[in-house]
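Scroll down for the structure; my scribbles are underneath it.
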Amino acid sequence: MTKRNKTLFTAVVLAAALAASLLVDCFLPSYHIAVQVIQKATVYALVAVSMNLLNGFTGLFSLGQAGFMLLGAYAYGVLTIPVDKRASVYQYFDGGAIHFSVPEIFSGVLGETVGTTVGMLAALLVGGLLAALMAYLIGLPVLRLKSDYLAIATLGFAEILRAFFQWNALGPITNGSNLLKSYPAFSHVTPYVVLAGVMIAFIVLLINSTYGRAFKAIRDDEVAAEAMGINLARHKRMAFVISSFFAGIGGGMMAMYMGTIAAAPFKSSLTYEILLIVVIGGIGSITGSVLASFLYIFSSEWLLRGLDAGTFLGINAPGIFKNGFRMAVFSVIIMVIVLFFRRGLMGDKELPDLPDMLRNGIRKLRAPGRGKEAGK
Amino acid sequence: MQEILPYLINGVSVGGQYALIAIGYTLVYGILRLINFAHGDVFMVAGLVMVYTTTALPMYAALPLVLIATVALGFVIERVAYKPLRTAPRMSLMISAIGVSYLIQNLAFYITGGVPQPVTVPIPWISENVLLFGQSTKRVTLVTPVLTLLLVVGLVYLINHTRMGMAMRAAAKDFETAQLMGVKINAVISVTFVIGSFLAAVGALLYFTNYPSVGITSGAMPGLKAFVAAVFGGIGSIPGAVVGAFIIGLCEELIKGLGYTTFSDAFTFALLIVVLCVRPTGLFGEKVTDKV
Amino acid sequence: MSGQILKVENATMQFGGVVAVDNLNLEINQGEIVALIGPNGAGKTTAFNVVTGVYQPTNGAVWFREQKIIENHPHGKMKKLYKGQHAGEYPQVLAPTPDKITKLGMARTFQNIRLWKSQTVFDNVLIAKHCRSTSNFLSAAFRLNRREEAEQRRSVEALLETVGLADVKDELATSLPYGKQRRLEIARALAAEPELLLLDEPAAGMNPQETDELTAFIGQIRDQFHLTVFLIEHHMNLVMGISDRIYVLDFGKLIAQGTPAEIQNNKRVIDAYLGVAEDA
Amino acid sequence: MKKFSALMLTLALTAGLLAGCGGSGEEAAPESGESGAKVVKIGVYEPQTGDNGPGGKQEILGMQYANSVQPTVEIAGETYEVQLEIVDNRTTPENGPSAAAELVNRGVSVVLGSYGSGVSVAGGQVFEEAGVPAIGVTCTNPQVTSDYDCYFRICFTDPFQGPALASYAYDGLGVTTAYTLAMLGSDYDQGLVHYFTEAFEALGGTVISEDFPEGSANFVSYINNAKSAGAGVIFAPVSTNYAQLIIEAASAQGFEGSLLGSDTWDNNKVAESAVGKDVSVEVTTFYQEGGDPEFDAGIKEWINANPDAKTNNGGNDMVAAVTVMGYDAYFTALEALKAAGSTDPQAVMEALPSVTYEGVSGHIEFDDIGDAKRDQAYIKTANTETGAWDFVKVQGVE
């Protein structure tokens, strides 16, 4: 396939995705399961891509994603809860310490609809920036650590962050262990798709720029990269901060999707879940992360629910299809991918390579004997 | 003194439990340079097996079975999930470990139905209450640190005075050279996992006797804490892991005693990060430099 | 064209109790090709690592273009352990990371090839241009640096043409035959626009014919890019055929220096290479 | 080849996905059941897994038993078969919206649940948008009903339960210093502690509050803190698993005062874990076994005849209060369906405020917010010999 065709193909796929999301919004009510699932999947896609930027493209094995999402989610909630709802949300903290709401401030200037939207986006942005700032601070000591030490240190940071957000002394801001809620959220699919799409597009652009190439050089060989004039500390920090920024925004969107914010969901298990999505999609493939997010969320939240409920694909076996079977099947699939398909769905290939991959696949299927040679 | 005494006793007991898990981490890390994320879950499985076997079998049959089952699990995990990745990048290995942890938890979830399994038949004698310096406590509190130290002494002897121990030391020092020198590396690694799982099983017996139930995430927190202990003591070093575990156990309980209960877990991680940044090799770890 | 480009002054590198480089002094002038030779384990690569900032010397200083870039003195644990000389003479601590040194105008290759495995030949060279890029991540991501990027790509094309790798530019670096990988490493170092090129055993593992080609190649790029070359090598044919001057290292100490002809007849060098009985 | 297989895997899953879309897109119109009668669906939005899994399962038992007692309902002159649609919300808020959407998707007329307030609040958004009424069974946080018009509740709330416990501790037990222990990150625990503290201090007592991180197993130091603070009572409104751990630690450390629990403690496992120990455990709850002997006998027979149900009930046939509440919630829903005269969720929602029902747990009637009008809680104590709950008194707020 020529380069022009590849670009064309990519454009068509993206346009189709946008059209599909618009169609969903036109025909399905906001409480429809498809809407819920697509929203969750786009959020996961964004966070998975942000993690891939760090783990897949820069080779920094960080497990702090949940912590940065937590920051983004809380920033979003704290800034957007309408002023008149604060008394009921912060019921144990006398209405909390913050007495303004960003969307309300903006709607005072720009009018109700536009102002609220702008305010929500601004709150998301603040969440992202907060996560980025925290990443910068954490990064100063932690990024000097090598692979697995880095992983465990970032994991630890996420846990510490969680304890802080549940601390009653910070209750007037974080509401302690209690839920934040009643904040505005997008109820349609398209805002999620567009928002996540724009963010992911930025990451793709970054990865294909000179900085992205430098990240990959660090991943492939740190010593050589440094010898070729790439400032390791600066570039690692940059990747860490950028990744955390998007994780923060992802956290804010997650808050929108969930409708309530508590620190509890942002545990290390969330990070593991996202890491496994990245692995399924292929470490080093943005398209893979997005695809895997959708597959994972669609199956776990919707299509494979039958595995837990007794009946699946018309087979009724309550003895086998009981609670937890779905996740058990999932984890087996994940292990199979980790052990035998280490490159995941996409390897390091991207959307434009997809038609070629399919064509090669079909050719191999037709001539299985020669398949091995062709595949090298 | 009388006031902090109960915290000290409890801290030593908790430290002993962490120590038994921490050794498993430190041994595996010493040889494979892998954080075996699944180790805490092996610990949890040992607890579950204990619950199931002690209800079905008499105690003298049940306890050995727990040890055997746990050791077998550790062995199988290594063969299935880590051995095929021997030449793969370290990140793949770590992902595999996280995957195994996820798998064990989800399988346990499926088997138990996601409900914590009650420990209906606690191990006799050690779960009785005794008085110590005027404080009421369970006998296991005293047994744990003593048994831990005995096992560690045995293990250190094994490593320093047997052929297998020598092979383990060689593999820890230089994996490839040891292989070239005729050390059967796969056997050594298997033995490492067997020892680690055995100690985790002993730890689980002592730990879950103390508690009313075993849940699917019961292993996660002790596992993580024990790992921190191993890093704190200098990962790869057995005395380091033990000392680290006792220090962390004591600190944790003292912090609770001081009233900062909100941060008792967070403190452990803060300690970890400080250690990693100030002295990445821990208390007893060896310094490694990258070759260019 | 003359004038000093690199000066290593009383550099000592000690790992614990082991002195790997002991009071090394050397000078390289602009336009020269200088070789550092010595038996295995003599400390040649360590010396390279000190010069390029990978290791911080225990004591001593390094000057680049008559500007001091590295300096250190024994401190901390080394204070007591230090076995070298000139301990009190270097009070400052100057320890730039390798990337800073590369930006100053020094680039190196590695003894065991360290190419970026998942990148194409072209990208391997292009990435080395990154340190000369002036864009920040936002302008790079939003493609506001188109002109610079195009310029870099053009110069990489030209460079690959020069080193004879233009025909394989879209292949994965690791799929190249060994000799070409070596060449690519040199090309990559050149892309960082150095004045001083450091080659760590460029001919390792090459047959005589390949070595001859390499000898010619080094000469050619020296002239074309107005380089100074500092190399470590075991192939005496190459060293003798190309070097203006040679330094000889044994057990971390400098035992001889001079023109190829002088070195060839130096008794200490011959002893070092052939080995000499302790009591002789 | 491997890459290709992986790709095929994707395609297969995608195909499954499309098949799924085809199968479940439509709004469920009244379908016909096996017997040919029309079907009305009642959604069960409960945790079956996670920390609240055991409680959720017991609550479901009540609904299932009620369903077996009364499998049909008369709506506008027609007999409908009642079908329970059970979806697991996995205890945690992040799984709430999709679980709720799944219920809406299955076309339920009314929803029952959930055990646990946080996840109820999270699902409430979806029910509100879809216009499906929900009846909270044992979620006691006031926010559940105050936030959403669609949410009703048949149990008492924390602003009642907390003060009831405080007044029991202060007046009933004569304790002036209380120690509270709540899990970090649990809004239920923290909320109840808040109301308890407020009331207890208003009565003139002192309260020392501490939190423990999720996943804690060793409570010895907390008990020691309570002892050294001179607390006469430990109030720990935590989930059943932690309740057992606290009882264990309190007995090992020889804590002499009372352990006070909330409705979550009303569980067989908790009572059993106190057997043979020198502890005194008291809890508030919605119902006391023996309050309706006929009902007790019926449900015990049903549980014993049904191995799965017995497992879900913790392996014995003790009747938990949440099970009774589940039973009452089911019948309240049937009353609402009858009153609405339609299976349309909107009609049910409009009919609910005026529904009244004489349940096993008492009279059920909703106030303006949608909460049941309740002013009494049962206090029970764990019998350390039999492992059963013994009735102490009926407690109100003074």
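Labels for the chains are A, B, C and D, by order of writing; each one numbers its residues from 1.
Basically, contacts are C-beta pairs under 8 Å (C-beta built on N, C-alpha and C of every residue); 3 or more make two chains touch, one makes a residue touch a chain.
On a predicted model such as this, the values are computed, not experimentally measured, just so you know.
S.K.: Counting C-beta pairs in contact, which chain pair has more, A-D or A-B?
M.R.: It is A-D, judged by the count of C-beta pairs in contact.
S.K.: Among the chains, which has its CA centre at the largest distance from chain C's?
M.R.: Taking each chain's C-alpha mean as its centre, the farthest from chain C is D.
S.K.: Using only alpha carbons, which chain's centroid is the nearest to the whole structure's centroid?
M.R.: Looking at where each chain's C-alpha mean falls, the closest to the middle is A.
S.K.: Which whole number of Å gives the spacing of the CA centres of chain C and chain D?
M.R.: Chain centroid spacing, chain C to chain D, equals 71 Å.
S.K.: When the centre of a chain is set as the mean of its C-alpha atoms, what distance in Å lies between chain A and chain B?
M.R.: Centre separation, chain A to chain B: 32 Å.
S.K.: At what distance in angstrom does the C-alpha mean of chain C lie from that of chain B?
M.R.: For chain B versus chain C, the centre distance works out to 47 Å.
S.K.: Provide the list of chain D residues touching at least two other chains, using ranges where the numbers run on.
M.R.: Residue numbers touching two or more other chains: 48-49, 184, 211, 213.
S.K.: Name the residues of chain A that each touch 2 or more other chains.
M.R.: 163, 166, 168, 223, 323-324
S.K.: Going by the touch rule set out above, which residues of chain B reach two or more other chains?
M.R.: Within chain B, the residues that touch at least two other chains are 109, 113-114, 262, 265-266, 292.
S.K.: Using the touch definition from the top, list the residues of chain D that touch chain A in their complex.
M.R.: Those residues of chain D that touch chain A are 1-10, 13-14, 16-17, 20-21, 24-25, 48-49, 86-88, 92-98, 100-102, 104-105, 118, 121-122, 124-127, 129-130, 142-143, 146-147, 182-187, 189-191, 194, 211, 213-214.
S.K.: Under the touch definition given earlier, write down the residues of chain A that touch chain B in their complex.
M.R.: 55, 59, 61, 141-142, 144-145, 147-149, 151-153, 155-157, 159-160, 163-164, 166-168, 223, 272, 275-276, 279, 283, 322-325, 327-328, 330-332, 334-335, 338-339, 342
S.K.: Flag every residue of chain B that touches chain A in the complex, lowest number first.
M.R.: Listed in rising order, the residues of chain B that touch chain A are 33-35, 80-81, 84-85, 88, 90-92, 94-96, 98-103, 105-107, 109-111, 113-114, 224, 227-228, 231, 262-263, 265-266, 269-270, 272-273, 276-277, 280, 290, 292.
S.K.: Within the complex, which stretch of chain A touches chain D?
M.R.: Against chain D, chain A makes touches at 29-37, 40, 88, 91-92, 162-163, 166, 168, 176-179, 181-182, 187, 254, 257-260, 262-265, 291, 295, 298-299, 301-303, 305, 308-309, 323-324, 337, 340-341, 343-345, 347, 357-358, 360-361, 364-365, 371-372, 375.
S.K.: Considering only the defined contacts, which chain B positions touch chain D in the complex?
M.R.: By the definition above, chain B touches chain D via 3, 6-7, 10, 14, 109, 113-116, 118, 129, 135-138, 207, 210-213, 215, 217-218, 220-222, 253, 256-257, 259, 261-262, 264-266.
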